[in-house]
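Lettered A, B and C in written order, each chain numbered from 1.
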Amino acid sequence: MLAFNAQQVALMIQGKVEGDATVEVTQFGKIEEAKQGEISFLANPKYEEFLYSTKASIIIINDSQVLKEKISATLIRVPDAYAAFATLLTKYQELKAANMVGIQTPSFIAPSAKLGAQNFIGAFAAISENVQLGENVKVYPNVFIGENVQIGNNVTIHPGVVIYFDCKIGNNVTIHAGSIIGSDGFGFAPKADGSFQKVPQLGNVVIEDDVEIGSNTTIDRATIGSTIIRKGVKLDNLIQVAHNAEVGNNTVIAAQTGISGSTKIGKNVMVGGQVGFAGHISIADGTKLAAQSGVTKTIKTPNQTLTGHPAADHTTALRSQVYVKNLPELEKRVKELEILVQQLSKKG
Amino acid sequence: MLAFNAQQVALMIQGKVEGDATVEVTQFGKIEEAKQGEISFLANPKYEEFLYSTKASIIIINDSQVLKEKISATLIRVPDAYAAFATLLTKYQELKAANMVGIQTPSFIAPSAKLGAQNFIGAFAAISENVQLGENVKVYPNVFIGENVQIGNNVTIHPGVVIYFDCKIGNNVTIHAGSIIGSDGFGFAPKADGSFQKVPQLGNVVIEDDVEIGSNTTIDRATIGSTIIRKGVKLDNLIQVAHNAEVGNNTVIAAQTGISGSTKIGKNVMVGGQVGFAGHISIADGTKLAAQSGVTKTIKTPNQTLTGHPAADHTTALRSQVYVKNLPELEKRVKELEILVQQLSKKG
Amino acid sequence: MLAFNAQQVALMIQGKVEGDATVEVTQFGKIEEAKQGEISFLANPKYEEFLYSTKASIIIINDSQVLKEKISATLIRVPDAYAAFATLLTKYQELKAANMVGIQTPSFIAPSAKLGAQNFIGAFAAISENVQLGENVKVYPNVFIGENVQIGNNVTIHPGVVIYFDCKIGNNVTIHAGSIIGSDGFGFAPKADGSFQKVPQLGNVVIEDDVEIGSNTTIDRATIGSTIIRKGVKLDNLIQVAHNAEVGNNTVIAAQTGISGSTKIGKNVMVGGQVGFAGHISIADGTKLAAQSGVTKTIKTPNQTLTGHPAADHTTALRSQVYVKNLPELEKRVKELEILVQQLSKKG
């Protein structure tokens, strides 16, 4: 655990110390739960009451914050407490990562593998022939990297990740634990007797720069060519990306979503959790999909918000839901009309 | 494989032996499939026919069971055959676990890690700095435990599990293979150019006592504070629990369900498979959710049974399904009314 | 990387070389993207234009293909270019696998484990007591195989797979990275105080011949007896198969589908992605289920195509969707009828 005093923290976020500048912290905490030795922040006025009761040793607050009572914690004042706290968290993680260098033993590194500077290879990591790692690559324990895999600079691969042969990973990529990159696409050709013949999957997966992938997500290699995750994409946990799919720049996809084979998701798309995409379709840039939607057709018009199965315009879908809810009422009205019309007919 | 004779089994479940008390078994089997050397039970009268044809060497039966034919297997009579069989299975697993003690090599145990008594550390397990393990902790091969993780007593961690730094696990917890505890929450702030800035995730995951977690489930660490799995919770396989979520005491969740960020599930809730929960909502104690439901709003009234997307009262939802099914009929009735009314109008 | 010249490739697929028979290739590529040193094929006339612009060194084409321009690449002519290419891919993978033999160190192999001929055991693989492996079994790094597991011939187990004790795997089986075979079924009996008592899961998983399992899929062991994956089944990624379920011969299931406990899927069934099956039901042979369906009841009639939640006949379900979409229109017609009938009533 790294320790910092209030003066050091203030330097990192360009703030002004009020109180004891020598008090030390080793942990981050929420203002309502923080304990001694922890640093917290106050940005949302809703939480102001905790400012006077928290046990945090240091609190980052806005320059504009007026104090109603005396506070025992050391304060650090900044123009924007939330932004300053986020900056601090990022710097803390960078410092921690910078300390993680070297090769733990035993690990398995094939003779032809090339490692860059400032690398970390954890115990029981297996790095196969002809693998190329850039600089500042952190490979946690129990990771497997297959033959000919190329990885850029500033990449973190968490424990248990498996990267199959021939895949390519860009710069500034993070892959969380248990994710599988480059397993075989699901391709089988039916035979006359009802059994299936495997279609060999010999393409790869290409992950561009600035991508983050959650835990236990699976991205299958292409049959031929590449399954592509474009620059800046963020994938959550337990997502399935099938063979030859492509996810466009800066698209964000929540957990448990599945993308079928050869489907192409555009740029700046936002996808909720548990969404399903059929195969061989394309999704326009800027599309927003509500959780649990099912997308069965190509979406050509950009920037729509869609929901439901099959996915439809959000407003229309919500209106349909209301109509369905009111069906018993509608049926009652039809029944009443039938009685009235029958009476009128008799009269007539 | 452990072997027991009928006399030893009878002692374990306080039953009375009928037949050869020296016959040995090494496996458990269903009465309709059991082979020689296996032990089985008969509780459900539906299966009585198999009592006379089974090849099981030992059968546990109810005191009240009347035999219609002679049986070659050794019988053990007890007041409740099903309960006695379950007791036997549990004792068998405890005996097996008690035999599992020691440290396989190579494994990686950081110098500052503290191990309790009766621990097992499997080959290729990696235990980081400042980890604390209680007594009777079984860590299977290829497990990764990050820095500062605290684990209680009587905990079993199956192969390939990854526990990130700072997480806390209580007593009597079982985590099945491939589950990921404490990976980063999915937090990214949009930037002006359409790309995203990572929000550091520096909280942790707290798992309380008596929790069981299935295989390949993912539980993300909180941004700040803790993602919490309360006492007695049972999670199935491939479940996603997002950052800052909380699952209440004795709640049971089936496979492939997803819980979004900051959502709070109450106590004694039962959730079917493939259910999705939106973020920042809370679910009342005792709620029951049918499989594939989508919960988009806070549920305040306890003990409701809900289904569908968006989740609605089970009875109402089923009624809606019937109305939707009858829509062609309703449309026909409206058409007939239109014709009748047109005729009446002409007459009028 | 293996290298072949055009003459060698032609021999493997029984084709005729046109051009330089000594040109070498080391990679496969799509005709529209292929680079020098790569081999490609042309089967679909839609792609003919690329035949004249591709940089591929070798192209496999149909005997019937007429050339409109001169081509610099070496051609190999065959009766069916697509089939020949698939044959080549398969032979390539077989050659690669045949080269993978031996035991990497360190790995953990229990003294009582039995290994067959032509086996490969990767670094950090852990093979427990009484495990039996057939011939030509490839165990990649970081795999865990529990006690008494039996595995047939020609089996490939990718990195990070976990197979719990007592499970049985047939011949010609492939299990992709991170899949978990034989974790505990989700069985808990409610107690009077609202907490749950674990029901021990002491059965196993049986995987028959010719099965392929994707990555991060979970198959739970039976409570007693076996969870069974029959001959020729193909499972995609992130699938959940619960305890005591059975999947019939040559059934194909797409990613993220979940099968609840004791459910029996028939033969030659095709299941889309994200489908859910309730527990204790059975699905007739030849059933086809659309993606995201929810199957709540037994399906007795074979060879139906079903969709939706609850799953219904595909045509009926699509018709229901149209009726729901037209509900606003229907409501409007009822409103107009009400006005007309009111006017008629007044007149009357």
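The criterion applied here is as follows: a residue touches a chain if its C-beta (ideal position, glycine included) is under 8 Å from a C-beta of that chain, and two chains touch if they have at least 3 such contacts.
Owing to the predicted nature of the structure, the values given are computational and were not obtained by experimental measurement.
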item: Angle (degrees, nearest 5) of the CA superposition of chain A onto chain C; value: 120
item: Chain B against chain A, contact positions shared by both copies (same if over half, else different); value: different
item: Chain A-chain B separation of Cα centroids, rounded to whole Å; value: 25
item: Touching two or more other chains - residue numbers and ranges from chain C; value: 106, 124, 142, 160, 178, 216, 238, 256, 274, 324, 327, 330, 334, 337, 341, 344, 348
item: Touch list for chain B against partner chain A, complex; value: 106, 108, 124, 126, 130, 142, 144, 148, 160, 162, 164, 178, 180, 183-184, 186, 188-189, 194-196, 198-200, 202-203, 216, 218, 220, 224-225, 238, 240, 242, 256, 258, 260, 274, 276, 278, 294, 296, 309-310, 312, 319-320, 323-324, 326-327, 330, 333-334, 337, 340-341, 344, 347-348
item: Chain C to chain A touching residues, read off their complex; value: 1, 28-30, 33, 86, 89-90, 92-93, 104, 106, 122-124, 140-142, 158-160, 174, 176-178, 210, 212, 214-216, 232, 234, 236-238, 249-250, 252, 254-256, 267-268, 273-274, 291-292, 321, 324-325, 327-328, 330-331, 334, 337-338, 341, 344-345, 348
